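Down below are the structures I want you to see.
Two complexes follow with subunit A in common, the first pairing it with subunit B and the second with subunit C.
Right after this comes the complex of A and B.
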């Protein structure tokens, strides 16, 4: 695309040149660290297993799973209540968001820990119960809602407020002149977050809560691919039909109905809860005030620096990979390219790729390529790239091309991409935080990121270690988010389309 | 008055017997139709114990331990190491029975034929050095603890420095699949799971085969909470133990899978506890 030797080619201060420098910088950085990544392909004979997998997907066995309706109902119930409670907590926080540093920091912290890790933590005190599942969604979602709602509220048009007579109370001003202006955007974001919650709810099954993911993970892990295929199709159908059953008037009834299924609620053992929060989570030397012991405790944490390195490495590679995948794939779903059938197919592929939990994708690649960082990299790039491509294609559809005579490649390169690129990069930088959160998660598949060690610490019941590593992970995520925010393009060539599609949509 | 008292007694006794007795089992291999299979075990125990019995499915070894700790289950079928973990967390809990096979359990080291490793006498073949290797679950006794112990004993080095890559497959079935596909050169697997897989023709022994059988050690056991007699009536623990020992329906035993259950106690697992501490998996 560019020749670095030619002086001045990338110099200059126009918007797109700045964007190009940023992207090339990202890719160059990724290439520089690539030699440190473990990308070996070690499998000799993956084809038999892949064949079985494909056969399973094509011949799904819907009856193989026990209590499938129950698992579906719980998946929806957890997602619905998690979103609902997250919204109820997040909204008041959003009103304080720009006024209180404490609220901002608190929200950043709860956001920075993945739902699955919240679930692992809560499992220890609330056991395998709906309480664990719903709280694991509610807590991070409250932080996310607070941030995104605050961003949306910030964009409230001022005109109606200015038109109000003097002396109108703060509450009335908010309810009559501000809220109605942003209501549509708030509810559209909430709806989007519910779709995210469905995906998260499935993921919760991977740590043992009885959602679809519970059966999906077992079936996949044990090679019962006909059952796994059926469960995947059920999940895709649930997401695809969301518009049908996720109706505003229907949802309250579903929420109420699911209450009957969510029990039995656990008896909370106060003594155990207190012991967990006040003793188990903290290093013993710290509680005893033994500082030299604390140093020794710190030394027992396995491979902390390599784990942080791997997490950052995978995060960077995942971000760069997503950029390339998004650039390649967005035309698949855009009205400017191909014909109706190809667009339908392209859209389908993108939706499948973004709906499949990345843990699942990584697992499939793990079987094909063997254990290294490669499966995780591919999974992160494809999942996130497809998600961004889908949103970019929607932005693109709003653009009316100036000249119809251009061939497709020229239309892509000269007509559309320059106007879309800022938005694409903004989405990518928004996404960076999520990508780094997910790298920790992929550790559960055995890639030695922080998540791998968190998973181990929970398995060895060393909760103090797990908690410390969670804090490190949260710190890392917050730092990456701050960095991404610094480099995120603010002004784009086509700001109008950007305003219609808040980039908050790239946050799950 | 006497009538009233009797009514009260009935009420109290039904309230007491209304507490459901729950159990779980660690998910170590085949989890298909788990609910169906273990519901039969629950039905058997219900008949023997005269209380409501329910099976609680769990996903991971640590989830089984935390369910036991949180009193969500009162009885659990644990592995050697998970049992020790659980008994350390719940005071007075005790091992009451083990499978006949568990008194003399083994780990098999299996290898992909591509790796060119042949069995050699009583030890793990020397040329496993530099190969890739996978354990099972991180806290599996036969898939992690004991193989790591034997590796360190023979080579005087941790697995990480012996092999070029060390992984954790998550469970025994997965270990077999990953070694069969060549994703790893070799792996450590529960001998029962391997033998059942071979017997049922679920594994291609031209592609993967056993290269070493470890010495024996104690493994799986039933562990029960210490407060059971106070909650379910005196002698309830003994009743549970007897019900387990009396279980002779092959269809029920197949779920574990064991031939028979025999008595066991906490001391049987001292070697596991010592090794766990030595390897830093317990503290």
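Right after this comes the complex of A and C.
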């Protein structure tokens, strides 16, 4: 008879133990690099500032903003056209996605650059116009649609195609036996992406385009919290009421109607545009073939390595933070815990946090805590943690626990978490790509990540430098995505969960 | 009589896995064949191979139906003749049904008890209705030979007889996999019986009794249906 010894701490080879070791490794790595992060609170009295903000949120002044309806209409118009054109470009690309390495690489590249960076770039040629706003959404969305649509199309059931008579053409086969089978998933993803576009459209205000975010930023920055509070409420209402006005039959009319508001359209000077693309974006020594000059040009880029380091550092901290937040918060919205009022409140908090884009959260925390990595870290962790927690709670609700009348802690630790953890971690690793993208972007608020230098290079009209930094950001993003893909748990304890949340749901 | 398909000691199956070994079999023109055997014995494999050999001459009604649930009954049946029209005509038909096809399919549906359901998405139909849509699609193909896999599994016995009669009126030759042994003797003139990866029965229906057919099913002999102790 073999005498089996009880295993030591976290020893063993079961799936969840392996996942637990992987997660603890992530958190340990985060703790190790934490001393390098600047987490100072620099404001004099953060609590008082937060109090004033909350007062503003509770006593909103809806009439303080001039031309609020116009800002709302523009926000919706940009989002709608951005999504629509992104869809029209992305769909044909999705059909080529698995066949062409070039298409895959191109899509990965345009996806890797945040909407706001595209806006900053396009701003230089098209000015503060609807063209800039719509193209800034359309370009990355085309890449995202191509990837997600391709993933959905790949899962098309085969049976209807096999049942078709011989000799049916490719197009007929596609529209009769393939497309209808995945139509519901395609359209639900498109709808979800439109919600993301609404958030991004609001954010376009941060670079000066006249959407809701523009008024929101100036109201917050100037301390007009009653107005800022009202704008925040308007934003939440817009997202929450999407199901009411975002009807399939209504959207085309809204899109057409918004066309009248989007102008004036910029005059496009072909020569100027060509000069920008062929000359301004590239380092001068490179165009002249002067290699030693190019070396010198590299040397003049300020703090490139610290910026990359900070971006990675904050991205790692954000990922670990999201993991902890998600682990703590998902029971708030799950039917296994609490009672109806606590669940309603929990769900409300999670929805509020996941609907508020990181940039906006970070901006608000920045005003409260002062410029350091802390507000960005909080924003990344809370937004992404809440988003993952919400999805995990939905999966938890589908589970029927084996034993009844367990205390909550036992139910959490023995019944639910073991079944959910693989899915949770998979979501987190899917999310890593978005987190690193947002991390770079948060630099625009003054945090020393890559975005800070991109923003200031554009401000000083050093387009070559800005473009180079954009390429670095995109490269970093693609590398992190590849890394996350490598370590993403493939098998989960609850295999059903893997299929109902495709990659798409977690990438906004 | 003309032989449409002939197997001479062939092995059928997938890439690495032989389902039916050493199969010798012929399908004659004008023969109505019932294909019997326990689940998983290779009936579908044999039918799929027959379909491959017969090509354009076979109308096909698979076991899983292969219907497109979000599309209407009309469009699902129309798919039986999808290859007869240009891609453009097929596209237009999705938006506005072709008059001629609509008329034909309406008549077909009336015979199958699907009247008034032409515009309804298949996803909203019952199991039996879906089965009949799948049969309608195969009938709409208008081919010489009808190949059907467990067509009448989810349909009551009276309707099953009516459907078989309808199919056989339109097709002199057919091969249909079944589980109802009685139907095999009453509605077919030949029986193929499979068991343990072998064709063990290949005889005219009038020479067979229900007891002969029972030998195909391993559990049929004992009245005690409980599993034997290992």
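Basically, the second predicted complex is superposed on the first by the 491 of 508 C-alpha atoms of A that agree within 3 Å, B and C clash if a C-alpha of one lies under 4 Å from a C-alpha of the other, contacts with A are read in each partner's own complex, and residues count from 1 in each chain.
By definition in this document, a residue touches a chain if its C-beta (ideal position, glycine included) is under 8 Å from a C-beta of that chain, and two chains touch if they have at least 3 such contacts.
Everything numeric here is computed off the predicted structure, so don't read it as measured data.
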Open item on the list: Quick check on the superposed pair: does A:106 touch subunit B, subunit C, both, or neither? Answer first, second, both or neither.
Closed with: neither
Open item on the list: Touch test for A:49: subunit B only (first), subunit C only (second), both, or neither?
Closed with: first
TODO: Applying the touch criterion given at the start, work out whether A:293 contacts subunit B, subunit C, both or neither, answering first, second, both or neither.
DONE: neither
- [ ] Tell me which partner A:348 touches in the superposition: subunit B (first), subunit C (second), both or neither.
- [x] neither
Open item on the list: Output check: A:266 vs subunit B and subunit C. Expected answer is one of first, second, both, neither. What do you get?
Closed with: first
Task: First, second, both or neither for A:177, with subunit B first and subunit C second - done: second
Open item on the list: Looking at A:418, would you say it contacts subunit B, subunit C, both, or neither? Reply first, second, both or neither.
Closed with: neither
Task: First (subunit B), second (subunit C), both or neither touched by A:167 - done: second
TODO: Determine, for the superposed model, which of the two partners subunit B and subunit C contacts more residues of subunit A.
DONE: B
- [ ] Have a look at where A:285 lands relative to subunit B and subunit C in the superposition and call it first, second, both or neither.
- [x] neither
Task: Residues of subunit A contacting subunit B in one complex and subunit C in the other - done: none
TODO: Please name which positions on subunit A make contact with subunit B in the complex.
DONE: 42-46, 48-49, 64, 66-67, 123-129, 205-208, 210, 214, 217-219, 221-224, 227, 266-267, 269, 272, 300, 366-367, 370-371, 446, 455-456, 458-462
Task: subunit A-touching residues of subunit B, taken from the complex the two chains share - done: 27, 29-36, 56-63, 65-67, 69-72, 85, 89, 112, 114, 132, 134, 137-139, 165, 167-171, 173-174, 177-178, 180-184, 207, 280-283
Task: subunit C residues touching subunit A - in the complex, by the definition given at the top - done: 55-56, 60, 62, 64-71, 75, 79-83, 85-87, 90-91, 94, 137, 141
Open item on the list: Show me the residue ranges of subunit A that touch subunit C in the complex, using the header's touch definition.
Closed with: 159-169, 171-173, 175-177, 180-181, 183-184
